[in-house]
């Protein structure tokens, strides 16, 4: 940014806001570290409960993000490119899981897919039980996190100039290939960013999971549930678990960003 | 979409995924309605507790979204346009509140801004108490919802071709005016979309709020807190409250989308 | 060989053209905004006529009455877009290789074709550059190479030489001419340059506000005085 | 009046030019990719030289040794970009009005100027159209109008007539000439067209791979045979 | 399948136990002890607030044993036909205490001090069991001459938050953000002794929170389920509960 008369004030304000926001977010995170009693760390890192919960958390959130990305991408694309009746309504439905308090979301999932649920009773008759399984953890995560990916993907697809898609078609690419080789790479920046947020939301998911999947060690007890359960006896333990979760997530997200930048994101010019 | 040989299969698959996702999200929402006992609706809609909670929810989420948009926009812009040391780390910090289970986020806020907090103890000495106030509700919402806006805004700013900004500058626009009249309008689609998500997340926020702001009728009891409170005694009541929250949010989001499309979003071509 | 009879309501006027040509290259000329690009878009399948027929050689691309609308990728047209539409995320090489790859050419042939086209236009040295990081003229050359490397059976070119320096223009014009002759390809070329029209055109159609205002064999049309539009070149 | 002595490492070669002109309009010509657009960008302040000096009239825009780098908006240049860079979210009117508004012209004058420029180029009727929904030539006309409406004190034009039909080209060329004469504006015009150079140029500089390969008074330079680049126009 | 006559031949039975969150410490120890002596059984816990567990059962969750932190939720399940009613019995009592941060910023030396203006008190909502017990205690105190009739309203005026789970009460006091909180005695295990001090509530003013346990009707392992309940109520089980602050019955 070069300096101009009003530029200086504005630049200062921008920097101030920047620092404010970063401080506001970093300070609570840092406080977790500052106020922590670090005694038990070694023990926790190898405790089977923690190892199980970590494994389960990363497994389920990876699967649910995969599901969200694979099934959400067509949804985002359709909503970005096509008009159909009640599109606004359907597009908004997809956002609604964000508004519902997670425990109610879990209850809604139970009412839909539980053994006595609207759909679940029929699945149950076929011998399929979803609730209170690892599958249910994934379903809960997909439910609460999908809006974050779909919304961002939709915007990114909308911002891809159709001229590129048309050019690809004239060069012999089918709609699918056009989508894969042209639309997706150009929108990649936004897709990765949406996937990261959606994954993070899945990883942090608690309320819907404990209601719909229960709190079973090794099967449905993800890190947030382990943190909650630990809170019952020992706040320090739950904070320590939170720090472990946050630290690992931090590393994963930074790594994804660095990898993405190297390989995928198009340079702006 | 015109039809081609492989196009048909793919189109069918896309439509299938689309319907699957929509069904997966709509079915649980619908189950809430289906399984609801509608008896008390009239009474609830006018109960002071519900009216208070609704008012507080919409007030605090509006304020927190405003704060997120105003302070988050410079952050997103700086991260989109400038390089600085440890940018990846800081950018990722900003995402972390999403990963932390909300109740832990509330704990972290208490540890930072509570009267014993890292910063809060000094504020307390100055006579400023933040925890357990309406301000704390807003802070909790800002903390958990800001990543959703900032991340989307950043991507949208990145996607604005600098040529437009350069053109504006040659025409005499200062960096600030360039930003306001050129960058922001071109990125508007993504900014609105990020703001909607961020607002929705703030509206649905529960865990951080009850931890940091407490649950006090009329002052900090937002709709999600009222819903959880009701849940302890009467599940039906909490479902009914959830339906009210979801229905109103639905109307608000659809309205915002329709207004935005009319006035602001640039047409794709 | 080429028959375009289409109507379509545009923002400012209705496009209503009838273009028929039996041999060689059609040159479309006309004022800015007269509808030339729109005609090319319809032939390519990117814009859809409200009604009409588009036939190339024996193939019907579009026929509103018969309900025919061949998908873009099955028309096998090569299109040099007015604004190039190079894929911004790909290198020059990958842009040019896109067509052959999509049409299933074996890897060896892909490389051969890309090299041939890029070398002809002096762009082989820049094959690894990102397409978004080129000068205006370089972009246009890549757009041309991309179009030709796909070996289309119909060429659509929207002011394909407008950003080239004089020397490259002359050379590229003769390249295009040769491609058309060798491939027995019909071609529709939009240009504002008399030199292009004289060199490349067999038939010339002059458009005005969505209609064909004049048409004829190139050599006859382009004599000074045959139409006010042509006259403007000589004022 | 105009002094550009700059170096900058580009991807494929180092730009190293020295352009000095005391009177009137400078025409920059040269092969594609030789660095013409880059020079304009440096004068506008969009690209930054590694080292050098840029002076226009008495004003120093850039001086690496003195540490001077005047912000883009304070240079008051009018720039017709090679790819137009029209604001896609604005109407034609708002695009053209942007400059006057930013420079604080009173509303009445804004309208007057916009109307004047758009009418001169026959685009007043399309003032409410979105800038992204225009034909290529129409966009170029809007870019010209936008540049001129800002009343700059230096004109930078990157192939400003390349997408225009012949008639509009001739007319616009004379418009530009008049603006330059009336405003006593120095101007740098990049073109591949000999007609532009002859009509508009006082001094001609021919660039080749980042260097000035030849330069001189326009009337002298443009005689057939004075430089191989110029020769190419007549082959 | 049901239990077999020859336990040695049966595969390990998975026994699913839904237990109130407040039991998680004690029950995890019970599990270790029980599995050691019953190698054919594998106990699987689902810990959550009693209300959530009840909702899950009502929505079709499978469980063999239900251990509730309140009689009312257990009674509801009995009434709805989910429990094998004859197996339901109280196995533990809990009572309430007031906790204050270790450094006791509001200088609370006795229950009287809770009525001092400006004391920041947290308690459960009236619907969460710990909250309703708190209200019962305050009623008793208001009727007690040494506290006086306006004691209850003064304390209520000091409440800054009504929590939906007792965890949040403990957390806020432990962090020093609240001056006092009403919790179960069992909520103050050894880990908390360095963070909070306990102000006991005399038995005369206290309440008895009963913890019922029972076998669900649809249990596939009713015998194992009953054996587990028997173990919880055995001397060994009682010792564990007592260690965690419960009063076994």
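We call the chains A, B, C, D and E, going by the order they appear; numbering starts again at 1 in every chain.
As a convention for this text, a residue touches a chain if its C-beta (ideal position, glycine included) is under 8 Å from a C-beta of that chain, and two chains touch if they have at least 3 such contacts.
Chain identities (UniProt): A, B = NifC-like ABC-type porter/molybdate ABC transporter, permease protein; C, D = Molybdate/tungstate import ATP-binding protein WtpC.
Model, not experiment: these values are computed from the prediction.
Peer 1: Can you identify which chains form the pair with the largest number of contacting C-beta pairs?
Peer 2: A-B
Peer 1: Going by average Cα coordinates, which chain is farthest removed from chain C?
Peer 2: Max centre-to-centre separation from chain C belongs to E.
Peer 1: Averaging only over C-alpha atoms, locate the centres of chain D and chain E and give their separation in whole Å.
Peer 2: About 80 Å, centre to centre.
Peer 1: Averaging only over C-alpha atoms, locate the centres of chain B and chain E and give their separation in whole Å.
Peer 2: For chain B versus chain E, the centre distance works out to 36 Å.
Peer 1: What's the distance between the Cα centroids of chain A and chain D, rounded to whole Å?
Peer 2: The answer is 48 Å.
Peer 1: Provide the list of chain A residues touching at least two other chains, using ranges where the numbers run on.
Peer 2: 2, 4, 7, 103, 107, 111, 117, 161, 163, 174, 228, 231, 235, 269
Peer 1: Among the residues of chain D, which ones contact at least 2 other chains?
Peer 2: 71-73, 83, 133
Peer 1: Enumerate the residues of chain E that touch no fewer than two other chains.
Peer 2: If we look for residues of chain E contacting two or more partner chains, we find 55, 171, 175.
Peer 1: Using the touch definition from the top, list the residues of chain B that touch chain D in their complex.
Peer 2: 161, 163-164, 166-174, 177, 181-182, 185-186, 188, 266-267, 269
Peer 1: For chain A, which residues count as touching chain B in their complex?
Peer 2: Counting only chain A, the residues touching chain B are 1-2, 4-7, 10-11, 13-15, 17-18, 20-22, 24-32, 34-35, 70-72, 74-75, 77-78, 82, 88-105, 107-109, 111-113, 117-119, 139, 142-143, 146-148, 150-152, 154-156, 158-159, 161-163, 174-176, 189-190, 193-194, 196-197, 200-201, 203-204, 206-207, 223-224, 227-228, 231, 235, 238-239, 242, 245-246, 249-250, 253-254, 257-258, 268-269.
Peer 1: Which residues of chain C touch chain A in their complex?
Peer 2: Answer in residue numbers: 44-46, 71-73, 75-79, 81, 83, 85-90, 98-99, 102-103, 130, 132-133, 146, 150, 152.
Peer 1: Where on chain E is chain A touching in the complex?
Peer 2: For chain E paired with chain A, touching residues are 21-22, 24-25, 44-48, 52, 55-56, 59-62, 167, 170-171, 174-175, 189, 191-192, 195.
Peer 1: How about chain C: which of its residues touch chain D in the complex?
Peer 2: On the chain C side, the touching residues are 11-12, 29-33, 36-37, 82-83, 125-126, 129, 133-138, 140-141, 158-159, 162-170, 192, 194, 229, 232-233, 235.
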